[in-house]
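Per-chain numbering from 1; labels A, B, C and D assigned in written order.
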Amino acid sequence: MKKCMLVIMVIVMTFCISLVALAGSEKETSGTAKEAAPVASDEPCVDEWVFSNLMFMTGGWAPYGEMIVWGMNEAIDEINAAGGIRGVPVRAEVYDTGTHQPELAVTQMAKVLDTKPLLIMGPHGSTDAEACSQLAYDEGVYMLQSTSSYDVAKKFRPWANVWLTNTEQFAKTTGQKWIEREPDIKSVVMFVQPEASTWYEQSKHQSNGLKAVGVKVLEEIAVTEAVDFSPLAVRALSHKPDGFVMYCYPEAMVKIVLELQKRGVKENRRFLFFHGAGTPEFWALGKGYLDGAYQWSIFNSQAKSQKWQKLADKFREDFDGEPNWTVPTDYDSMYLIKKCFEDLKITGCRDKLKEERVKIQKYMNNVDSFEFATMNIKIVDGEYKAPAFLYTIKGDKLENPINCGFEWK
Amino acid sequence: MPISLFYFLVFTGIFILLGWAIYIVYRNGQLNNVPIAAMAVGAYICAYLTRELHWPFLPALLAAMGGGAVFSFVPALGLGRAPGFSMTIATIAMIFITQTVLRNMAFLGGVYGFYSIPRVDHLLIVTYVIVFIVGFFIFRLERSRIGRAMEVVFIDTSVARTLKINTYWLSVWLQVFAGVLGAIAGVLFANLVRILVPRHFSLGMLLNIYCFMFVGGYTTMWGVVVFTPILWGFPLLLPEAVAEWKDTIYGLLLVVTMLLRPEGVISKKMLWDIKVSVKRFFINRRKS
Amino acid sequence: MEFLLAQIINGLILGGIYALLVTGFNLLLLEGGVFQYAYPHLLVLSMYVSWLVLRVTGNNIFLGILAAVLSGIVLGIATEPIFRSLSKRGAAVASFIVALGIAIIITDILSRVINKGIQIAFPESLKGEKALLQFGYAIISAGQMLTILGSFVAVGGIFFILFKTKTGRAMRAMAQVPGVARLIGLPVNAMSLYSYMLAGILGGISSVFLIMALGSASSGLGNTLALKVLAVAIFAGLGNLGGGLVSALILGMAESFVMGYMRGDWANAVAFGMIMIIVMVRPRGIFGMKA
Amino acid sequence: MGKSDRVLLEIKDLSVEYGPVKALQNINLTVNRGEVIVLLGANGAGKSTLLNAVLGIGPPKKGSVFFEGEDITTMPTNRIVASGICLLPEGRGIVPQMLVWENLQLGGYHFKNAVIRKDMENVFRRFPILKERRRQEAGTLSGGQQQILSIGRGLMAKPKLMMLDEPSLGLAPVIITEVFEIIRELNRDGYSILLSEQNARKALQVADRGYVFEKGQIVLSGSAEDLEKNEKVHHAYLGGHI
C-alpha cells in the first residue's frame, strides 16, 4: 500500500514540477535581460544575445539539421571572435522540431515565444513551418525560415522570409534554359512527390514553363516512398519521352535515374534535377552515374568569396564531403542578423521589445544589398532576390553554372 | 499564462482523447489506427465549416463528431471480426487513403493546406471540459453492462461468445466511438494549430500515443491520463542535447515497461491497492 | 507487352525480397510466439554493419558479406533474451510493442549516429548493377538475379530444415503444441534459441541480398520494409510460411502494377486498401493463420 | 538386490504450490523396478501435477525426487527424459499436423538418427497399425490409435519408467480394455509404469500397488488387492459393489 502511495506521489509531483518548470521557463530565459535600467538609450540591455533556432534535429532530416546548425555555429564562432554583435557575445539555442512532427514543432515554437525573442531562426523544413509559423505570425515575431520554402514563407509575410527565391520564376526559367541548351528535347516526363507541397508547387511551375516553350509534359508521375523504383522507371519509358524532370526526394531521384539508365537512357543530359538535389545522399548514391545531367539551384557552389572558401574547406574537413546548399543558410542568417542589429542599434530591452520586433521586420523585408557567403543578395518588400543557376554535373560536383536569374549584380 | 504551457496543455488534452480512442478499442482486443484518420476528417470538417461557412464552434464540433462517426462506421462494419494485428495493418490503409483524398481536394487546400482557421475562445477550458465529459462517459461505460462485456472479451474471446456477448457489434460500436473521439481531437487540433496539411495526420503521431498508452497501462483508462502529460512533457523540459534522444528514450521505456510491468505502470491492481489504502487512511484518521 | 513483362519482372524481384523477410518474420512468430516487428530493422542494422566493415577494410567484399551475415546472427540471438519472458507468457501484443520500441531505437540511432545519419551507398562491386538479361525495358541485373535465386535457396533451406530434419520437426512441434513439446522432453529453450538463430542467419543472408538488390540503405528503410512485411504476413495469414511466400509474390506484383499503371499518388493507399479488404473478407488471411 | 537397486523412483516430501493454492502436500511415493503403480483420485486431486513435477515442470517445489538414486528435482525436463522417464500426457499430446512417423521421431529426439530408425522398427513391430498409418497425419487417427501412437512415442525414448496420464480418457470401453492390455504387456516386457487413472477398476486390475489422492495429499496407499477391497476406495471409485 505504501509503495502505491509513493508511486502516486511521485507521479503527481513530476506532473506538478513539469507544469511549474514550463510556466517558469518564461522567467528563466528572461534572465538574459539586465534587471537594471539601461545606461544609454541605445546601448544593449543584454549581456548575451540568445537566438532560438527551430530545427529538425531528429528523424529522417536530422543530418541536414546538423549541417545547418553547423553552419550557424561557424558564424557564431567567427562573430564572437570578432567581438560579438554590438560588443555583446552571441549564443544560439536549438529547439528540435522533429521530422514531420507538427505537434512537436508547435510546442517548441510556443517554448521559443515564451523566451520573448526579438526574432526567430526557423522553423526550417516546410512541414514544421506549415504547422507552427502561425504562432509567431500572431505574436508578431519575425521568422528567418531560411530553408523552409518560398511558398510557405509567402503565406506568413511580412513576418517570415526564406533564402529560397521566387520558385515560380526560377522553376520556369531554369527549365526553359535547359531546353534552350538541349533543343532536341521535345517531351518530358516529370517525377513529382505529392506529399511535399513546395516541391509539388515548383513542379507545376516548371511544367508550365516547359509547356510555354512548346515542350510536351507527357505525365507527372507521383513518387512516394518505396523499396524499388523500377516500376516507375518502366512506366515513364512507356511514354517514350525525350527528357526527365525530377521533383522528388534525393534518394528516389537517383534510384529512378539508375533504373532509367539500365533500361537504355544513355545520355545524362536528358535529366533535370530540381534544387532539392545535391544533398550528400544524392552524391553518395549517384556517385559516378550522373555526369552530364543538369540541376538547377539557387546555391552558388562556385562562389569565390573568401568567406565561402573558408567555410567550404572547414566543412570538407568536418564532414568528409562536398558542402551542399543547406550549409551556408544559417551562416548567412546569422551575419544578416548581425548587420540588422548593428544598423538598427537593437538593444534587446524588455520595454522596447514590441517596437524592436517591428523595426527588425521592416529592416529584414527590405535589404538593399548584402554580401552572403556565396552571393550578393537583395530583399525587396519581403521578397528575397537572388540568382538561380543551371548547373551541369561533372565529376560528382556542380560545374559550369549558367545564370538564369534576375536582379543580380 | 505562458504560451508554451497553453499549447502543452491543449496538446495533452488532444493526446489523452486520442489515447482513449485507441484504448477503448484495445479493451476489445484490437489495435485500431482509425482515430488518426478520423482526426483528419474531424479537423477538416470543423475547419471548413468555421472558416468558409462561418459556423459557430459547437455546431461545427457536432458536425465533425458526426463525420467521424460515419467515417469510422463503414470500415468498422468490415473490421468487427478482424483479429487484433490485422486491424492494425488494415486501418493504416485508412490513414493513407485519407491523406491521399485530402491531397486531391482542392477546396480544402489540397497539398498546400488549409490556412487561417479561426480559433474558438477559451480553447483550454473547452478542451478540458471535453476531456472531462469524455472521461466521465468512458468511466460510466466501463462500469456498465458493455464495460463488463469488454472486460470478458479482453480476457478471452471464446468465453465471451459462450456468454452470448455479440463481439462483432461490440467491436463495431467501440470503433465508431473511437472515430468520434478522433474527430473531437481533430477539431481541437484544428482550433489549436489553425493550419491543416494532410501530412500532419500520419503514423508518426500514432507511435507517440502507443507509447503513452502502453507505458501508462492499457488495462485502465487512467494510464493514458497520467502518462500522456509526463511522457509528452519531459522531453520539453530536458536540455536540448538530451531531448534529442527522446525517440530512443521512448523506445527504451516501451521495452522496459513491457518486460517489467507487462500491464503498464498503472494496472487495475495498483488502482485497487490505492483505493484500499486511501480508505484505510481515512478510517484510521476517524478512529484517532 | 514489353512493359507488361517488365512490370511483372519488377514485381517478382520485389516479391522475392518480401518473401525473404516474411519467412524470417513468420519463423519467429511460429517458434517464439513473438511478433517481431523490428525484424526488418535488425536487417537494416546488419546492412549498416556491413557498410562500416567495407569502409574500414577498404571495400573488402568478402569481409563485408561475412560481417552482414555474422551480425545478422548475432543480432538475432541477442534479441532472444529480450523476448524470452514474453514468449513464455504468450503475450503477442506485448512482444509487438517491445519490438516497436526496438524499432524506434534502431531507427533513431541510424538516423543520427552512423555516417551522421546520411544514407549509405554500397560499392559498385557489391551491387551487381550490370544487366544480365534484357528484353527491351525488362531487365534483370546480376544482383537481382542473385537476390531471386538466393531467396529461393535461403527460403528453401529454411523449409528443408523445418520439414526434413529432426531438429526442424521438433521446432514445428514446438510451434504447434508448445506445452506438449516440453512434456515429451524436447529441449524447448535450446529450440527457441535455434529459431532465433535460424531467423538471424536468414536475416544476415537477406541483408546481403538487400544490399545487392537495393544498393543503399537509410534509417527509414526499416520502417518501410516492416510495414510491407506486416502487410504480407497478415495478407497470407500470420505464421503461414507457405502462404507467406505466395502472398509476398502477389503483393510484390500488386505494388509493381499499382506503381506502374495507377495514376496519381494512390500507390500506398491502394496497396494497403487491398490488405484492408482482405482483412474484412477473410479476417484470418487468405491462407489462414497458423500461429 | 539391495534396496537402492530395487527402487526406481523415489519422491520425498514433495510439495507444490500455485500461489496460495497447495496443489501437492508432503507426498512420499516410491516406484520399484518392474512395478505398475496407479494413482487414484478425483479430478484436481493432484495426480497430473505430481507427474509433471517428476519431470520438473510446473511451479517450484519443496522436497525432492530421486530417479535411480540420482536427485533429479532441479534437472531440466529434457535431461530427465533422456535419463529414462517418459510421460504420455493427458489427452495423448500428439502433434496433429505432423505425420505419424514424425511424431514417433520426436519421441526419440535425444537419440541419433540410426538409433531412432531401429527403435521405430521395434515400435512398428509391436504396433503394426502405426506402420500401416505412418504416412498419415496424426490428427486423422482415431482416439485409440492416437493413444497407441502416444505409447509408441513414449517407447521411442527408451524409458525405464513410463508415466501415463489418464490413458483411458475419452476412449470407448472396448478400446480402454485394449489400452490396459498394452500396459500389462509393457509391464511384462520390463517397463515400470506409473499410471494416473480415474477408471479405478481397470487400473487396479493391472497395478501392483496404488496411492489414493485427495486434495493434494496421499490419503491411502497399499497393494492393489488391498485397495480394491478397501471400503472407502470402493465407495468412491468403484461404484459401490464388488
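The rule we apply is simple: contacts are C-beta pairs under 8 Å (C-beta built on N, C-alpha and C of every residue); 3 or more make two chains touch, one makes a residue touch a chain.
A quick note: this is a predicted structure, and the numbers were derived from the prediction, not measured.
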| item | value |
| --- | --- |
| Identity of the most central chain, Cα criterion | C |
| Chain pair, B-C or C-D, that carries the greater number of C-beta contacts | B-C |
| Chain of greatest Cα-centre distance to subunit C | D |
| Mean-CA-position distance for subunit B and subunit A (Å) | 34 |
| Rounded Å distance between subunit C and subunit D, as computed from the means of their C-alpha atoms | 43 |
| Distance between the centres, which are taken as Cα means, of subunit D and subunit A, whole angstrom | 75 |
| Contacts with 2+ other chains: residues of subunit B | 99, 103, 244, 247 |
| Residues of subunit D whose C-beta touches two or more other chains | none |
| Interface hub residues of subunit C, defined as touching at least two other chains | 108, 112, 264-266, 268 |
| Touching chain combinations (by label order) | A-B, A-C, B-C, C-D |
| In the complex with subunit A, residue positions of subunit C that touch it | 3, 6-7, 10-11, 13-14, 17, 108, 111-112, 116-121, 124, 129, 131, 137-139, 141, 213-216, 218-221, 224-225, 228, 255-257, 259-261, 264-268 |
| For the subunit A and subunit C complex, residues of the former touching the latter | 58-60, 62-63, 66, 194-195, 222, 224-228, 230-232, 234-235, 237-238, 251, 255, 258, 262-264, 280-281, 284-285, 287-288, 319 |
| Contacting residues of subunit D [partner subunit C, same complex] | 52, 55, 57, 76-78, 80-82, 86-87, 89, 93-98, 102, 105-107, 109-110, 113, 116, 153, 157 |
| Subunit B residues within the subunit C interface of the complex | 31, 75, 78-79, 81-94, 96-97, 99-100, 103-104, 207, 210, 214, 244-245, 247-248, 250-255, 258-259, 262 |
| Sites on subunit C touched by subunit D in the complex | 166, 169-170, 172-173, 176-177, 179-180, 182-190 |
